[in-house]
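Structure below; questions to follow.
First chain written, first letter: the chains are A, B, C and D, and each begins at residue 1.
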Amino acid sequence: MKEECGIFGIYSMKNEQDLVFPMCIGLSSLQHRGEESCGMAINDGGIITCHKDVGLVSDVFTNSVIRDLPKGKIGIGHVRYSTTGCARKENAQPIVTRYKKGNLCIAHNGNLTNTEELRNELEENGAIFNSTSDTEVIAYIIARERLKAHSIEEAVFNSMKYLKGAYSLLIMSSQKLIAVRDPYGFRPLCVGKLDGDYIFSSESCSLDILGAEFIRDIKPGEVVTIYNNEVSTQNFRTTEKDGLCIFEYVYFSRPDSVIDGYSVHKFREETGKYLFEQAPVEADFVAGVPDSGLDAALGFSKASKIPYGMAFVKSKYIGRTFIQSSQNERKKQVVLKLNPLKQNIEGKKIILIDDSIVRGNTITRLVKILRRAGVKEIHLRIAAPPFIGMCYFGTDVTNEDGLIARHKTVEEIREMIGVDSLEYLSLENLRKIAQNSNMKSFCEGCFTNQYPIEVPREIRKDKFEKIF
Amino acid sequence: MKEECGIFGIYSMKNEQDLVFPMCIGLSSLQHRGEESCGMAINDGGIITCHKDVGLVSDVFTNSVIRDLPKGKIGIGHVRYSTTGCARKENAQPIVTRYKKGNLCIAHNGNLTNTEELRNELEENGAIFNSTSDTEVIAYIIARERLKAHSIEEAVFNSMKYLKGAYSLLIMSSQKLIAVRDPYGFRPLCVGKLDGDYIFSSESCSLDILGAEFIRDIKPGEVVTIYNNEVSTQNFRTTEKDGLCIFEYVYFSRPDSVIDGYSVHKFREETGKYLFEQAPVEADFVAGVPDSGLDAALGFSKASKIPYGMAFVKSKYIGRTFIQSSQNERKKQVVLKLNPLKQNIEGKKIILIDDSIVRGNTITRLVKILRRAGVKEIHLRIAAPPFIGMCYFGTDVTNEDGLIARHKTVEEIREMIGVDSLEYLSLENLRKIAQNSNMKSFCEGCFTNQYPIEVPREIRKDKFEKIF
Amino acid sequence: MKEECGIFGIYSMKNEQDLVFPMCIGLSSLQHRGEESCGMAINDGGIITCHKDVGLVSDVFTNSVIRDLPKGKIGIGHVRYSTTGCARKENAQPIVTRYKKGNLCIAHNGNLTNTEELRNELEENGAIFNSTSDTEVIAYIIARERLKAHSIEEAVFNSMKYLKGAYSLLIMSSQKLIAVRDPYGFRPLCVGKLDGDYIFSSESCSLDILGAEFIRDIKPGEVVTIYNNEVSTQNFRTTEKDGLCIFEYVYFSRPDSVIDGYSVHKFREETGKYLFEQAPVEADFVAGVPDSGLDAALGFSKASKIPYGMAFVKSKYIGRTFIQSSQNERKKQVVLKLNPLKQNIEGKKIILIDDSIVRGNTITRLVKILRRAGVKEIHLRIAAPPFIGMCYFGTDVTNEDGLIARHKTVEEIREMIGVDSLEYLSLENLRKIAQNSNMKSFCEGCFTNQYPIEVPREIRKDKFEKIF
Amino acid sequence: MKEECGIFGIYSMKNEQDLVFPMCIGLSSLQHRGEESCGMAINDGGIITCHKDVGLVSDVFTNSVIRDLPKGKIGIGHVRYSTTGCARKENAQPIVTRYKKGNLCIAHNGNLTNTEELRNELEENGAIFNSTSDTEVIAYIIARERLKAHSIEEAVFNSMKYLKGAYSLLIMSSQKLIAVRDPYGFRPLCVGKLDGDYIFSSESCSLDILGAEFIRDIKPGEVVTIYNNEVSTQNFRTTEKDGLCIFEYVYFSRPDSVIDGYSVHKFREETGKYLFEQAPVEADFVAGVPDSGLDAALGFSKASKIPYGMAFVKSKYIGRTFIQSSQNERKKQVVLKLNPLKQNIEGKKIILIDDSIVRGNTITRLVKILRRAGVKEIHLRIAAPPFIGMCYFGTDVTNEDGLIARHKTVEEIREMIGVDSLEYLSLENLRKIAQNSNMKSFCEGCFTNQYPIEVPREIRKDKFEKIF
């Protein structure tokens, strides 16, 4: 399961700041949110220079690319998981477009639920599209609204009437940086300050790493505009409900981020604590599946006083190429990413913790590996409720057929995976933990199949891909 | 002086043809028309895969790129000189867009003269642009017309009312390949056949190199559509005048191409013959400036019976990087591209022939090199009239200040360059030679400052670049 | 502090085996032993194909390189930290040489202490060297001995008289694979079996990851030869003392390796346990410095019942380029690799564990970061004795001036680092723990300045580098 | 047929000169002598930095490589055709070795005829080899002699006793640059001056291109040493015979080079003149096969008064990748490198001139292409005698079976190729032309099978390759 985007931006008080280095660091700190492509656009006195490509930030922003990029006053950047095939490069962000009133540069985290309607409507009026991404649709809507509005921020504000779904946006015009979070706040977005410059990021960890001071989260429905070194804000609010994706706490965000007032690491530790309360068990040690289950395992260990231990060692150097070539039959015995710590688990009863089970393939494979290494008992604890709902808001869980918890009971899943016991965190406990967040409510669709807003009957992304 | 584009396309009778190899060969054969970027789009059952990048065809289409591209039924490709900076990659072609009726993929050679008006009008209606190229404007117009038309070819035909200027186009939809030449036929475009498949190319040399049979040139104003393996054609003609760029014969096209019925090599040989008639002179030998003056020099030699010889040897391996680093002061003595054949020219009277003088820097430098090598006399003959007009139709001569013949008499130019005599081909003789073409008239704007159609007061390309 | 090499080899029972994939996986699993360059040589019926370059295994062995490498019967590979400048590529291994009796291909982990003497002696007889590495010296000695011996394995055996220092070797001739460990066994080397094929590796984790069965460690002084699918062994033993580098347990090896009969993870857990016994302290939680202190921290937590926690989150995507550019003054606040988990440490008393302190810069920086994040008390525990001796046996600690423990007392170090208490593991406890190894004694030179064999008065590597 | 190497070097009067740019230009100007790999070594105060790789100079010496190379006082470089497979990179030059007396850096053009004997002898004494090239053998011999000599130049001089065959060498030690030409002068080597700095090159065209003044050719057997900004010279002469490879004039060298006092272009023009005298024929025009036959065609045209014309246009952009993929059956009709100028040759009688026929495949193919284009008659003239002998002195003609003139009469060859008449330049005329050179005699082995020195019974290169 993969988050599909992260966004990062800087508005400097100076006109000629080296933005490329902090942009690279900021984007790297969000790389876990999107490993396929990345890009940044720098605004130097109204001239926008954009570089984006398929690859990690450290692959795309080589020494020579960095040297060629200008200094500037405003910069926005993006990391994403892109889809396969031809469209990959074309779908990289930020997108840079030119319209009647000048330039519009957009980086988007999230997913619209009414892309198809908007696209149809725009096409009826003669629009053409260069990509399959909904970000281009957003650009069109803003450009259209701008023709009627007095400023770009007014146009952005007015566009929000039309945009349904999840969108955290960074928008750069020739002179302004605008940060937007949809009225439900599906995706996180926060702002900080470094030497007087404003820094926006999907997650607060970027601020820490850059040595910046965290100021606050952007509110659901908020439009923050920086122009002439001054900040102004407006709120487009159509709902009292919040809708932060609860999976940001469960899995997507880095543990060292604080999302809407709640430490991600603390959240996960709490899940471990509640899992112990729900289903205590005796064991030699508690281990997390690296890296997704580590924080919850710490919480379980602390609550249960059962020692924390390691079941696997992660092989950090195994390249993607090798992993792909290992898929064929005769290489089945190869254990590429997680090697069991045999000497530690042989003959032991262990509690193994992971954040979730989506299709169940990976955990089944890991359990087999542990069995082969001689483990005595495995008690699996999942730090979230059963995963049963598709996501329409910017992740890659767009096919419900594969969701194992839709089709099987917990006992059936336990048997399939081959563990001695299995317990999921209850929805009640999840909600109890989430109360520590500043958000009043959440999108828990993946656990409940109920979403804060209406969702499309089918996911259209595939359809466009096929046509395109 | 540089041509800005070449286009190439294939419509195969088979559905699953290896198009990538012939596309690569075809584009390579047009590479002299554009060395900066290139691309191709392959249509495999309606799925369009596009690959384009900055670089020569042989750099962009590496073994691994070739391997990853699919087979298909239709393919179009493009080579171009792109502008500098950020926009480079974005301006590469073909462009692939999606609109109400499906996909539209366009490769364009030429330049519109009313881009700004069209763009303004489109922007008034909410259009946004991803590039600074006029090709995106063409895509918009066609998409808009398509909403009112019964077929894509009808939309293309109707769009021609709005498009002013030079455009040879290859347009690919999910099922059709459409080839278009503007009503004046500014840029060449021809069609051939190979094993039943249709091949379109800016120049006929591509057909020869692929072993294809030349069928005919696309006529000015013609729209050729191939659909369901059937060809149909329509003619949008608003004028009786032809307007083929005469510089295609003088310099742009390859000598082994036949453009609108006339061999480019023969054309150039003729210019040499007429130059001899205009201004005979005794000399030890006649030499052309490689490679632009070689064909005319052959004609001069044949007509005058003065032996043909070599004045320079071309250094084919000198990389662009080295040429750039040689620009600074202390490397002035370095002779990178054309090394004088000292033993051949020392103490000799030579007739030196080139196709044109634009700013005069290069020829002045070459003359100095020959002087240093001990030449006795240099009689310079230019195989075209003095170059005095800007080009609005798809080349890079967009600044009239640098055109030396606007400011100086022939005698002043002779003196500046430092040759013993100088003669340009007369406009009358150029026209006499051109009568062998199937075209009835030509765009001779660069020699007359008179153009077949109205031209903008100022070139707008720069303006967009600056904003963007 | 860095290990300088890892070696890996395969001898297959089949003649035409795909060795490249398992070689890549094997070398990747040893990548922590050397990140700068890598290489492999494949023996296909006596024809040796070698590919090596600067970079990680996953960078050097791209899809296209892998495709071009042949199948074979024998393969050996190498990872290393190389020195800077011109010599880098030249010093990559395996080295492939040709001598009177055929080919000799060598991969070497370790460092000779008499390189200079051997080199001088060889040079007196006319030898020339293509690299600055001692591996080429080894090749010369073996080639020289081969002239007098009946077989390559006899030559290798006889060469051991001349070679002083640390050397684990894999040697491949046209038909044989020979594995050698120096008489003290400074560097680890083990053998396993996969589908009948023999696998040699510096560490046992490679065997686990490939799904191979661990057979045994190569003994100090042992020469194992595989020829015609048969294994034979000889022992060159000049000493009863063992000399395994104890730092292999402390830091170099992967925790999931078992070196000479003792699990590296278990060893490190034990250091944590003894550290608790030596210097117990109350705290909110115990944390390891990622990744070097994690295993010891687990042991401390288990022994002390103080919960295990996280103080830092590792940023795995930060590229080397960015780290280099962050060195300058104004970027000092940037926290690139380890971001403190502020919410977890604010106001807390923590026990922080690392494996060693060499120069003290890194730990001082980390302590400052924790202080800034609001930690209340830091009790630093080091899972090894003070580091006071240079290494002559294949690591990069070749300058004693920087070793902080040579110049300062523990109290002075504590003060410099800025922690509330500091305790090193005692040498006695280290030795007690090490008794679980099959090795009877160790090279503890880095902790005692006493070495199992005579060491040179000065390290010569630098000298050669400077000349070269 | 391919030359295998070119060498280039600079000794600057300043200690900190930018040598990389002129080295790159110099090597590029010799690129026709070797397109497979290249390299250069820069000596900066005794520290030698070497960069070499597979590829053209412009591919290997990218901007970032150039930036990383130091300034220096002495530099030597090399271009070569390397053999296939593993050994490629390893065989790139210059080679840099370290021996008793310091560093030895060598670039070699030519081929020893006693490599095997020398190698055996060295191996008997324990030598090991890192490459299959004879250059490493030369390094060994010099290193061995240096142990007995007072200076490196004395050692080089003494080594010449042992080295049989063709060798033009540039040798760089910490403080000296030594240029050597074997006693027969098989391969060219000359010296020039630029701003006081000494420039050595295989061909004089490099000097012209750099704006340097030609001083003189290095004499056969000469050893030129530059040390402390002073030049000294010695002559090792064992023969009165000269042995310059006559094929340097016929094909290898650039037409703008002057080799041993004779302009290559003039030489080739003369062959055309004599061909006309030998076998006059009436025709519409004379054309050379680009680029190898162009100079001779000019001479033929001048002598015969038959106009010079073009039969082919060269496609300069066709990449190597495409040429390789065009080898398969169904792409046979593709004409990649030389496109016939149909309009010029249709119905014409032409005289076609090339420098030589080795296997006859290429010319046969070209003739077929011309026939298909409608030529009426083709009279083929070859600017050298029939090619019947292998080359042992540094080219790739190492297999006599393929030499068509060994097996067929001229009439049989004419018939096979399919031309209307065929004439080779007679040996007498070749020798007459060659009298204008400063060389008194030549290696004409390829035309006579008689060589200036004893040649091996079989070429050993292959043998080493196979073992290696």
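By definition in this document, a contact is a pair of C-beta atoms (placed from the backbone, for glycine too) under 8 Å apart; a residue touches a chain by one contact, two chains touch by 3 or more.
If you're wondering where the values come from, they're calculated on a predicted model, not measured in any experiment.
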{"item": "Furthest chain, CA centroid comparison against subunit A", "value": "D"}
{"item": "Chain pair with the higher count of C-beta pairs in contact (A-C, B-C)", "value": "A-C"}
{"item": "Where subunit B and subunit C are represented by their mean Cα positions, the distance between them in whole Å", "value": "60"}
{"item": "For subunit A paired with subunit B, centre-to-centre distance based on mean C-alpha positions, whole Å", "value": "47"}
{"item": "Subunit A and subunit C: spacing of chain centres that average the CA atoms, whole Å", "value": "37"}
{"item": "Sites on subunit C at which at least two other chains make contact", "value": "63"}
{"item": "Complex interface listing, subunit D residues touching subunit C", "value": "46-51, 85-86, 90, 95-100, 102-104, 120, 122-130, 132, 136, 139-140, 143-144, 147, 464, 466-468"}
{"item": "Residues on subunit C engaged by subunit A in the complex (per definition of touch)", "value": "21, 24-25, 28-29, 31-32, 56-59, 61-63, 66, 205, 208-211, 254-256, 258, 263, 265-266, 285, 294-295, 298, 301-302, 305, 307-310, 313, 315-322, 325-326, 331, 333-336, 339-344"}
{"item": "Residues of subunit A that touch subunit D when the two form their complex", "value": "63-64"}
